[in-house]
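Presented sequentially are two complexes of chain A, the first with chain B as partner and the second with chain C.
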Partner chain A sequence: MIIFRRSLHYSGVCQSSGSPFKLYPNYKFKCGLEIHTQLKTKYKLFSLSETSFNADPNSKISYFDIGLPGAQPKLNPEALLLALKAASALNCQISLQSKFDRKHYFYRDQPLGYQVTQYYHPLAANGHVELNKFDVNGDVSKVIGIEQIQIEQDTGKLHYDKFDGVIQVDYNRSNTPLIEVITKPDFENLLQVEVFLKNYQTLMRHMGVCSGNLETGAIRVDVNLSVNGFPRVEMKNLASHGEIQEALKSEYSRQVSLLKENKGDQIVQETRGFDGKQTYSQRLKENSVDYRYMPDSELPVINLDKSIAEEIRRILPRTPTQIMAELLSTYQLEKKYAKYIIDHPELLKYYYKVCELVLQDQGIKTNVVNNWFFHEFLGTFTKLDMKVNIVILPAHKLSELIFAVSSGDISLTSARLLLKQLILEPNTSDKSIKELIEFYELGAPSDISATDLDKAVTEVCEAVLLESASSTKSDKKGKKVAHKIKFLIGMAMRKTQGRIKPDVLQKKFEELIGKQ
Partner chain B sequence: MVMGMRTSMSMSMHMRMSRRGLTAVRAYGTLTNKSCDRTNSVIWRCDDSDSDSVGSGSGVLSGTSFIVKDNIATKVGYTTAASKSLHDYQSPFDATVVRLLRHQGSKLVGKANLDEFGMGSSTTNSMFGPTINPKYDNEDRIAGGSSGGSAAAVAADMASFSLGTDTGGSVRLPASYCGVVGFKPTYGRISRWGVIPYAQTLDTVGILSKDVDIVEKVYEVLNQYDEKDPTCMTTKVRNNIVSTAKGQLTIGIPEQFIIEELDQDTKIAWELTLHKLVQLGHSLKVVSIPSIKKSLSTYYTLATAEAASNLSRYDGIRYGYKSDNNNEDDTIVSSRCESFGQEVQRRIILGNYTLSSESGDHYLKAAQVRQELVQEFNQVFKLPHPLLENELKLNNCDVLVSPTALSKPPTLKEYDEKNEENFLNSYLNDILTVPASLAGLPTISIPINGTGIQFMTQYGDDSILFSIARDVLHS
Partner chain C sequence: MLRRGIRSFSISIGTCQKAKVSQEVLSRDEISKLLNTPTWKVGDLMKTTEEDIQDVKVDSSIIRKMLKLSGLKEDVSPERETELIRALKLQMGFIKKLYGTGEEMSVRGKKSNDTNFRLMAEDHKPDTPLTLDILLAEIDALPNKVDPEKGEFTSSIDIKKLRSSNNPLFSSKSIEKV
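And now, the complex of A and B:
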């Protein structure tokens, strides 16, 4: 490993005001984002080494990734496909001809001395994202323009070992495919930034373009802010939504303070860091690197067919916002539930499957399915403190269970018991629901005549009444009676192991109490 | 492609000087092995015991031996590009060309000296010291460059053939100076995987030998698509190429090559060649390619810009020379300043100036001039260009002919003096060779009357060159 002495330069530290944050109508907040998004490909952008996260340092590198002399790049078509999906999902115009360029700067994590990116001819441009009430993460009405999308390489990672005074370089991330999405400076407030970014994460995850995590660095955001048309200040390497919000607040307050004191000339185009409390100057524009862009003549031009935009649209799944709109209207879900399953695509798929199987049948309503899915099915996992595992109970089985209850083959109580059993003992799951009902003798007694059944029910209910005789008699008020009946039904159900449906029991109790 | 132990960072950081299967002939320009010949053409000799150097024993090249320019990666020995920045670099992989040759039974016997990273036309800009031209017994004349070691080695019979790289004449000029055959293929014909780039829109791998038949044989082995090289000509393009048939040809003489700087002997050799061509039944005509006049400045704009970019990776962090200066902020600068030679630093600075935002868009403008040159060459040839459409044909030439060099090689002393006077003097040598490089045309230089005469053909029309060269050499 290489050893460097580390010397961090902090300069121009500014204090943020202690008062609570607010936007002033006279100081216009104008913000744009640059979002670096790692593409979820198997292999790297220009080599056949695998992409990875947290693998052993320098275990996922090939010749080109570390810039060995004479090693050449080869474009990974999967990266191109994912980038095109993102471009399409962000409503961009796809360029039929795009090219790679080299952006030169020296840094230890940059093995080529340049980054392969797209500067002169990016993959896509002129897109937009509409924020609306069907968004998964919020309810804001706003259109955000997308300037362009370019494909580029990620760099290696530096580890500063302060104790030993050593910088270690891990090139596993080097040459991982990224797209950089540059928005127009359309954000007018912090909420728009937050909602946009959260929706962006959901969208990329949903399209299979990116894992969508800020925490792992799969998505990294640079923000730029300009107040009242004063020079643009950029803030890089913000690691979370919280940090983005705080950095913007701090920077806005700093600029507003300067403007209030007529010190607008002190706002200069620069890159600022954020230390958790305040932003500090990192690099002024005049000190910035001249990237000496040039076409990368080693990589061929990407020529796309005229029909590409249409073809990509065809294979693209619906956006979360579209799905949300459908879940809220057609499926009458509450937004929080809809959001939950959109955030968990495998549950969404499962939910749709159950709906498809159950709703086509006469008489079962969406709210019954929703209740079953969220309260009974997912709720049981929660109650058992288990991770949701849909493999245990395939969608068709849950559907059968819902059917069994609605057609009266089994009581809700028994169904709950069975569900719990299925989740705890997945081994029994090779049996059908019908078989299981018989196996556990949970079915409504169907082999005895109505008169015999009525007789049996009467016996049970009378026994229950007797047991609780003292308390029942004293009840006079109807409300209390109703409450009592629920208690009695509960007792009766326990005695019958839930095999008699509660409405039958209720009727019987009312009948018996009425007689008394 | 994922590398094993060898390339884990700790290993590549401390790539040790294992001398496995190789004899270091010279290091840092000091003689360490007295048995080495006076030409200083071969900088690493491969040992017989090294299995990595020996071919399969059978194949169309069995019984032959070869030497490769040291900017071509070989697993055996070192790959230094004659630069201190790569003084201890051992490649974990073979260049495709090396693999193909060994597969056909040829034996790798050494690595040849060159101008650092291919930058020069003298083979004097090398950390191993200058290569001396073996053609002249009693005086130290330069071998030409940048593939001077490759040319001198075959001239001194150290191998059946050698590989060089030709970016602006780097195979043809030393071939001319050393009196051997030097062939530069169409750009993209021969794989560059494992070839250290200098200016990759111009870089080609060339072949040198005393015997044109061997050059042709080697070309046939190397002339194939390589999926590892993204600039390699695709099989589809290869299949679409129409070749000039043997027979009575129309030979063009570009008037822009008839220049004052040609010395008397060179003119005589050119005239002799024209005479032979007529005797062989071909017809001659003078043609005009005006952009040739702009080609030298275009070439140096493009090549230096690409070089500045390509050499950015030599920062001393992962491999190669690393400065003792451990300061976080300038270790890269120190490593580069201490390890690149003067000419390389000069070209990096020129190239970075060209690319800087202050200088405007010189690179793109030069690329446009280059396109004009491509068009003008194309208009002269009878055959269609495999990569161009809607061609305008103004002439019907099959082949173009010109001298390869202005004169015979200067002595080391003359060369140094002239270069000190003005370093641009050394760039002038490229005037005859650069146009074909810019247009990507296949070219062969053959020794005629003590100097090199080159033949150029349409893009992709490489094969006719060998029969022309053979006819002229044997007549």
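And now, the complex of A and C:
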């Protein structure tokens, strides 16, 4: 019977068709998620060897991490704190007493022969996440329930070396702390899944719980799908948002096709893999591993004081949703910019600092700061094809530069030049902006009379006109002239390193061209 | 609870009370010989009757599934299978006594199978409840608790010394070459 069913399921694969995917009203999509999230701790879960990413293979392993006989576990309080933060951020009820269990299975990435997890008495349960219009990643109105959160250990990593014909094991990841977050099957469509997961990543990153990356395996997702209440099918180890979406589309389409053909009996509880195009049967319920769960006899109960839930809530930073609401209203940011800095907490902190320093000065508006921060500051890194590095220019210096432009001490063009110079040559960072303006001679001329300044401007403009005589003679009127004047102003700005304001140059060019 | 289980199964702990240090093992062959010459086994210490294990249900299919899950060879002889069935019954009977409910593990659900047995009586006593302050203080103290004797330092295990061809990764199984 088992073999018969299996053969049906191997043949029952469903390809993602070329036609656009859609949910059918008569075939209800019901999905739940299991999210494995690596905790950003210095040490591992039950030993004090360091956690690592991309370290030399097997260089970060204690005797417990590789299951040497006699080595015993001791819970790392860092992991407990981060798990409690995650539980609080996901609005869960924290259990005052939770326990560890052993989940037995034999596999070469699991040196103990069992995984220490929390099966019977998890750390937290009954939470929820509200998706709403202030969400960082989309505008969906829905509440997703959180079934439970459990602390558990990660496994080692396997390398299938087909060239040399061996399976190699790197145990650096072994015993790295994880939380497994299990949602209720509340997802009714693909968009809800996508928005929830992206919000979850942002939330964990923002709370300092996890790096939040799916690509590096810091977050790994299993999805469960059931259509019209038929047995749920699980798809494991999906490595990206795209893969999750495609696997769900493929599996939903497969189940709907079977139901349309009155073959609902062929939908059975099973684990299916996804090969990039279609889901395929991996393991039926009848063949499921018996994990022989039992309480761990070496780890004591986690016994929490009843005050701890409130204490954790008090130290949590504001949620991304709360920050988004503030950035959109008080700081008048566009949603895409707000989302960007919320996704990069160090930039968000920097932005708030610049705003704090600049906006206390009367007369400078929020949109000026926003323009400077996103277009000038971040934009310069982009133009130079460099990774944003806020250490190069501390927030107080960017604020000084904004002040200098605002007060007319330096033109916008010169300020851009200075900003570019500061990013390219950060070793001048010991000087103030005022000193740097003088050092690079970028300030507006202040020690000459108006007559001498006018004379100097005239000389510069005449020289520019001579250089570009052939291109300006033919067009004296209309848009082309205006365009040419902008070109001439640009040339003059370059000659004066932006020290003369563009409106002064424009007036002079109009005067000189009019005379010709 | 552990004692109750032991009493019921009449384990004779006296036979393994005294530890003795054997002669130094000097070569690979001696290690191999030592490991392949067992002097006692847990099963021999458990004095049990057919009555103790008659309610424990273990059959051929369970044994073969266990062998498969354990990565062991499944093609055992009927005699060996009978031995394994009896050994597993014995073990399950012992665990049943440890849990102290008289219920079989296999029929217990998630909610009921959570008895937290401890090897040491004092482990039953819960720790002082953790407050946030205590937790933060424990985190601050962690760097002082790193113990080199537990291998808690970078490159604590020299893989190359264990087997030079393994360096730096453990090789676990040969697979088909491309």
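Everything that follows uses one rule, which is that the second predicted complex is superposed on the first by the 425 of 516 C-alpha atoms of A that agree within 3 Å, B and C clash if a C-alpha of one lies under 4 Å from a C-alpha of the other, contacts with A are read in each partner's own complex, and residues count from 1 in each chain.
In this text, a contact is a pair of C-beta atoms (placed from the backbone, for glycine too) under 8 Å apart; a residue touches a chain by one contact, two chains touch by 3 or more.
Treat the numbers as computed from the prediction; the structure is a model and nothing was measured.
Asker: Clash or fit: chain B and chain C on chain A?
Answerer: With chain A as the common anchor, chain B and chain C collide in the superposed model.
Asker: Looking at the overlay, what does A:E311 touch: chain B (first), chain C (second), both, or neither?
Answerer: Touch partner of A:E311: chain C, not chain B.
Asker: Does the superposition put A:L81 against chain B (first), chain C (second), both, or neither?
Answerer: Touch partner of A:L81: chain C, not chain B.
Asker: Taking the superposition on A as described, I'd like to know which of chain B and chain C A:R102 touches: first, second, both or neither.
Answerer: first
Asker: Quick one: classify A:P73 as touching chain B (first), chain C (second), both or neither.
Answerer: It touches chain B, and chain C stays clear.
Asker: Identify the partner contact of A:D164: answer first if only chain B is touched, second if only chain C is, both if each is, neither if none is.
Answerer: second
Asker: Is A:N303 touching the first partner chain B, the second partner chain C, both, or neither of them?
Answerer: So A:N303 only meets chain C here.
Asker: On the superposed three-chain arrangement, identify whether chain B or chain C touches more chain A residues.
Answerer: Of chain B and chain C, C contacts more residues of chain A.
Asker: Going by the contact rule set out at the top, does A:Y119 touch chain B (first), chain C (second), both, or neither?
Answerer: Second partner only.
Asker: Which of the two partners, first being chain B and second being chain C, lies in contact with A:L45: first, second, both, or neither?
Answerer: neither
Asker: Looking at the overlay, which bit of chain B runs into chain C, 294-302, 312-320, 402-410 or 456-464?
Answerer: For chain B, the clashing option is 294-302.
Asker: On chain A, what residues does chain B touch that chain C touches as well?
Answerer: 47-50, 57-63, 66, 68, 71, 106, 108, 167, 169-171, 290, 292-294, 297, 300
Asker: So in the complex, which bits of chain B are touching chain A?
Answerer: Within the complex, chain B contacts chain A at residues 1-3, 7-10, 12-13, 72-73, 79, 81, 86, 89, 91-93, 95, 192-197, 200-201, 227-231, 305-306, 308-309, 311-315, 317-319, 322, 326-329, 331-333, 352, 355-358, 363.
Asker: Per the contact definition, I'd like the list of chain C residues that touch chain A in the complex.
Answerer: 65, 69-71, 105, 110-111, 113-119, 123, 126-132, 135-136, 138-139, 142, 145-147, 150-157, 159, 168-178
Asker: Quick check: in the complex, which residue numbers of chain A touch chain C?
Answerer: Residues of chain A touching chain C: 42-43, 47-50, 56-66, 68, 71, 76-78, 80-81, 96-97, 99, 105-106, 108, 119-121, 158-171, 289-290, 292-295, 297, 300-308, 311-312, 315.
Asker: Where on chain A does chain B make contact in their complex?
Answerer: My answer: residues 1-7, 47-50, 57-63, 66-75, 102, 104, 106, 108, 111-114, 167, 169-171, 290, 292-294, 297-300.
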